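Chain lettering (A, B, C and D) follows the sequence in which the chains are written, and residue indices restart at 1 in each chain.
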Amino acid sequence: MPVTRSSPAARSPAADVRPLRVGVVGVGRIGRMHAELLARQVPGAALAMVYDAFPDTAAAVGGELGVPVAATVDELLGASEVDAVAICASTDTHADLLVAAARAGKPAFCEKPISLDLAEVDRALAEIAEAGIAVQIGFNRRFDPAHRSVAEAVVDGTIGDVHLVRISSRDPAPPPLEYVRGSGGIFLDMTIHDFDMARYVTRSEVVEVFARGALRVDPSFAEVGDVDTAVVTLTHANGCLTVIDNSREAAYGYDQRVEAFGRLGMAASENPLAHTGVVRTAGGTSAPALPHFFLERYVPSYLAEWEAFVDAVRDGRTPPVTAGDGRAPLVIGLAAWRSLRENRPVAVEEVDSA
Amino acid sequence: MPVTRSSPAARSPAADVRPLRVGVVGVGRIGRMHAELLARQVPGAALAMVYDAFPDTAAAVGGELGVPVAATVDELLGASEVDAVAICASTDTHADLLVAAARAGKPAFCEKPISLDLAEVDRALAEIAEAGIAVQIGFNRRFDPAHRSVAEAVVDGTIGDVHLVRISSRDPAPPPLEYVRGSGGIFLDMTIHDFDMARYVTRSEVVEVFARGALRVDPSFAEVGDVDTAVVTLTHANGCLTVIDNSREAAYGYDQRVEAFGRLGMAASENPLAHTGVVRTAGGTSAPALPHFFLERYVPSYLAEWEAFVDAVRDGRTPPVTAGDGRAPLVIGLAAWRSLRENRPVAVEEVDSA
Amino acid sequence: MPVTRSSPAARSPAADVRPLRVGVVGVGRIGRMHAELLARQVPGAALAMVYDAFPDTAAAVGGELGVPVAATVDELLGASEVDAVAICASTDTHADLLVAAARAGKPAFCEKPISLDLAEVDRALAEIAEAGIAVQIGFNRRFDPAHRSVAEAVVDGTIGDVHLVRISSRDPAPPPLEYVRGSGGIFLDMTIHDFDMARYVTRSEVVEVFARGALRVDPSFAEVGDVDTAVVTLTHANGCLTVIDNSREAAYGYDQRVEAFGRLGMAASENPLAHTGVVRTAGGTSAPALPHFFLERYVPSYLAEWEAFVDAVRDGRTPPVTAGDGRAPLVIGLAAWRSLRENRPVAVEEVDSA
Amino acid sequence: MPVTRSSPAARSPAADVRPLRVGVVGVGRIGRMHAELLARQVPGAALAMVYDAFPDTAAAVGGELGVPVAATVDELLGASEVDAVAICASTDTHADLLVAAARAGKPAFCEKPISLDLAEVDRALAEIAEAGIAVQIGFNRRFDPAHRSVAEAVVDGTIGDVHLVRISSRDPAPPPLEYVRGSGGIFLDMTIHDFDMARYVTRSEVVEVFARGALRVDPSFAEVGDVDTAVVTLTHANGCLTVIDNSREAAYGYDQRVEAFGRLGMAASENPLAHTGVVRTAGGTSAPALPHFFLERYVPSYLAEWEAFVDAVRDGRTPPVTAGDGRAPLVIGLAAWRSLRENRPVAVEEVDSA
């Protein structure tokens, strides 16, 4: 259910402050969503321009949202009316686009992951550091109010030192195999969000990974070297343990839960149901299923991440999910793959120094 | 799945169908929300024009949403690019505007109530009937997915014959006294939604009303002849009983619950909480409060009522909340006021034939 | 923690304190339950003796629980090994038995109601007052931990001044008509618990009653002058309103909920489900029904009321539900019957002074 | 909340069937609970005799429950009025007592674990098999109605093939270190219940174990070679994965949850709260904590396991939790210890054939 800010009527554009004008590179499914949010719902932001490798897609979105279409990325990055850039194109372009943004001196919001190749990530991070641009990685789940409440219960001491974190992350339906093939597999495509969540909730780096995978949903995942079901145990530097379970297909909807257990208590985010109606008969109690589509669950988090980016850029502060926060889960994911393949726990530094 | 549609990215404008172009009369708080929804989120609809008695308000909203501003209501109603009208101005203008829409032959969406004066309502209904225009009254709660699930559990027989309906409707904070003064009081301003809900859920007319009121929130409600706390018992034609409780001030948020109890079971809509996080410590379990703002709870229902209107107008069907559905709760409300003042149950026909 | 005490293993009989030895008069369904609780589970209490108008019943229960059977009530009341008496025989004997207990100087626990006849109640109260014996009436729901938490949230100020109380009380199945015939009807047999709850939660006397009844479950209730469905509105001396709904048949189980709404918040007791399992599939979420049998819900409350009685008698304090607390709901119930029959709100003093 | 059968008043002793007379060996905390349940609450059972290595303990319990005290185990096992035996003495005596019961030809209920030594378990199993006595191991959680509903949703196909099982099992407070020293450590004392649950829910044997442990609660666990926090990943023969998390100290109460995720859905057992009251204020929603004592949660499961044992013995059927079900979790636990110590996944057969 949208929070106040997600409702159009609740927008209160501070008329005296010039909005942050964002150009969006890549307006496919996720990029188009970002473009629409910027155009219509993010307080203090405006959509300035769009670019897409498919000119028709760019033209359609630009036309509908009433903004110009750049012919090239360089045009967009160089435009004086573009204050910042949203990198929403395919993953293999992210590193280059971050480098280009750095060279253009434009703050960048970048969808996860930065790259599936650690060297590429490090190349981008070096340019970002040199240019000093603000960068925020699109780990939107940190901005989900329920997940965030878990992290806050840790930070504010409500549950004391964290001993265990438990994350369930299950998609309603598997993506097409062609998508899976280039996605880096379950650990780099799907669990990477959970690796980020584990770091976000515990505020402690991961030092060791043990991953177990299984083919339970569809054996054809094996054709692309992937699994569809996984359990990953993480050991953090502070001694806390995180356990993650994933499935590519949850028949009952989009299941996303985070739980932190500590010395003084526990904090957990439950799944919202499609609505709050309940029926009781002699046969028992019934209620709706979970939402099935990720936007139903996470639109408020997308809005909130944009607000955080806009505020940080405007105030000259470091955005809340840094480029380094984009790198760390990739390393954990690479360790998870090695752990799965070699059936042993893998120290993260073993992968990182490789 | 209702929330889908409320997300901008989920809009799939059927490009081959011309949208229903709606002119909005009155763009204060609620009208502006309708205008924004029409401009940005209602599938198959477009915002065509706005009018407001305050030209500056009209200009601001028209400017922001990129639509022309009508100088007069007649200009808006007469414009060829306006297919239908949304009547969102102050209550005392609704009847006249409905008559004008009827004479212009334009389908009308009208915020509740049609009028506080039954004769005025009947005048408008006569013109509507004569002109044969489609009219839908803005009882948006019928479109809330949780409340709707209660009504559906009755209609589809899940809970059998309805014996009891229980409605709690409590606002987070009282409106200003000046607003209360012209609002028709608690029964015509606030409980009127619950009277509609009772009819919607039971599918049976109300034949008798007993109302009890109290001053518990703020004694100054007495200055304007109102109460701030109320319990109303309704007897329906089919023998079912409905009980409603209202308060102008629920410290914990916007509390809106409907429960139908029948031969085979019960169906109820619970309040959503602000998010789904929960914390457990030695001191107990804690969770967030309810949303405090009506838009947080009901934006999806506003969208859904617009979709229903658009579909009905396009298909030439009667909209789901008719002008008659706008009249009936007013009569119940008038009976409630008489019951409160005379401290006795009042037959609805006693008021209706008055 | 209430459930602790209901577990046999958790009993910690204070070996150094002589238990309160209770004689039970009437060991039919409810009396037998009290006898078993006293024999086996109430800390600090012992079952001393039983009596029943049906000697076979008395012999069976006495034999099973290993206690002597009294041949007459007088024998039981006069026995030196009986410290206190539990009056669990049929309602029409309660007043006489209370008088007899008063004359024997024995503290008495008495099942509700004291009598259906107000004069009889007053006769018993006068003797009790004169004898100065401790008397506790069996309004066990006050001792249910969830309902009690509602009352405590009022007393400790958590929810501020109470504005509204909402009670739903629905039985899983109607009793036999023969039982109904002598029961005083729905208001004196069933709603009487809710009248007590309203007084308990609000700590304010009831001054006016409006009752609405209906035949929705079984038309044969009309044969005995009763209704099977009811809504009652109470006005309290402090201005608070209570609304009660009752049904003789809730297909989904034993539904018992209390909610208090006040200036600072609300407190409510929800129904426990049969267990805490939940299933989610594409078709939605399912959970068990409510318990169907009143003992499943209320055994801990029966134990807790006995503990309160034992403690009060031992310490020479007034038990928490006095004979006066037994009288007040009867008066409200009589007013409810008059209200229903005359279709008007009835002041409680109108009935009380009758 | 006790189900019907756990309430004393709901007992309906079938007077025409002779009860199964059970002798209890060991009446310390858990044995005394079993003795009381047998004496007072288990339908179709009776307590026949008790024995304890501490004669005073035996005398006290026998006296209170009105049964004779055996001077030796042999006397109890040989008594003609003892139909079956409950083995509730310390773990190191279980194997010998099972052997003695086998030789006496008496059906035996045995608390878990049979032994911490696999050879001892196998010796007992051989004697049991040879004698052909019925044996049931005290994995009571299988009889908890919520956990059982999870297993049933698997067995009846509601959730389809099981892909993942998730078990959280956290005690409210750690036991004394002296107890821990002889307990076999967390995996044989605490997680052993979860290993049983994993087998019960999945109906598939465990083939590999990976265990991670941590000292988070109290560093002195290290003195006895134990950990206080653990995450264990199990791989089942059917490809399903189970993940278990344990803590010796959950500040908010006794946390016991089981979740099965399958092709068609999921089934989970949630924790009951101490009661069902809830409070909402401007500060949010509050509810009680979980029960803190295992008896509050599990008394109904102890009763249900006794009913199952009584029924199986009476009907000559194999009890539902066999001696083999007592052996398997021990092997998993031994593998878990090896995994933790060697920081690698350990195949169960590696331990079993050792």
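Just so we're on the same page, a contact is a pair of C-beta atoms (placed from the backbone, for glycine too) under 8 Å apart; a residue touches a chain by one contact, two chains touch by 3 or more.
Remember, predicted model here, so these are calculated numbers, not experimental data.
K.L.:
Return the chain pair with more inter-chain C-beta contacts, choosing between A-D and B-D.
P.N.:
A-D
K.L.:
Could you work out which chain's C-alpha centre is the most distant one from the centre of chain D?
P.N.:
B
K.L.:
Averaging only over C-alpha atoms, locate the centres of chain B and chain D and give their separation in whole Å.
P.N.:
A distance of 56 Å separates the two centres.
K.L.:
What is the distance, in whole Å, between the centres of chain C and chain D, each centre taken as the mean of its C-alpha atoms?
P.N.:
Their C-alpha centroids are separated by 38 Å.
K.L.:
Using mean C-alpha positions as chain centres, tell me how far chain A is from chain D in Å, no decimals.
P.N.:
Averaging C-alpha atoms per chain gives centres 42 Å apart.
K.L.:
At which residue positions does chain C touch at least two other chains?
P.N.:
In chain C, the residues touching two or more other chains are 251-252, 264-266, 280-282, 288.
K.L.:
Spell out the part of chain B that touches chain C in their complex, as residue ranges.
P.N.:
160-161, 163-164, 166, 168, 170, 210, 212, 214-217, 229-231, 233, 235, 239-241, 243, 245, 247, 249-252, 255, 261, 263-266, 343-345
K.L.:
Provide the residue numbers of chain D that touch chain C in the complex, in ascending order.
P.N.:
1-4, 7-10, 29, 32-33, 36-37, 40-41, 66, 144-150, 153, 158-159, 264-272, 274-282, 288, 291-293, 295-296, 299
K.L.:
Can you name the residues of chain B that touch chain D in the complex?
P.N.:
Residues of chain B touching chain D: 251-253, 273, 280-290.
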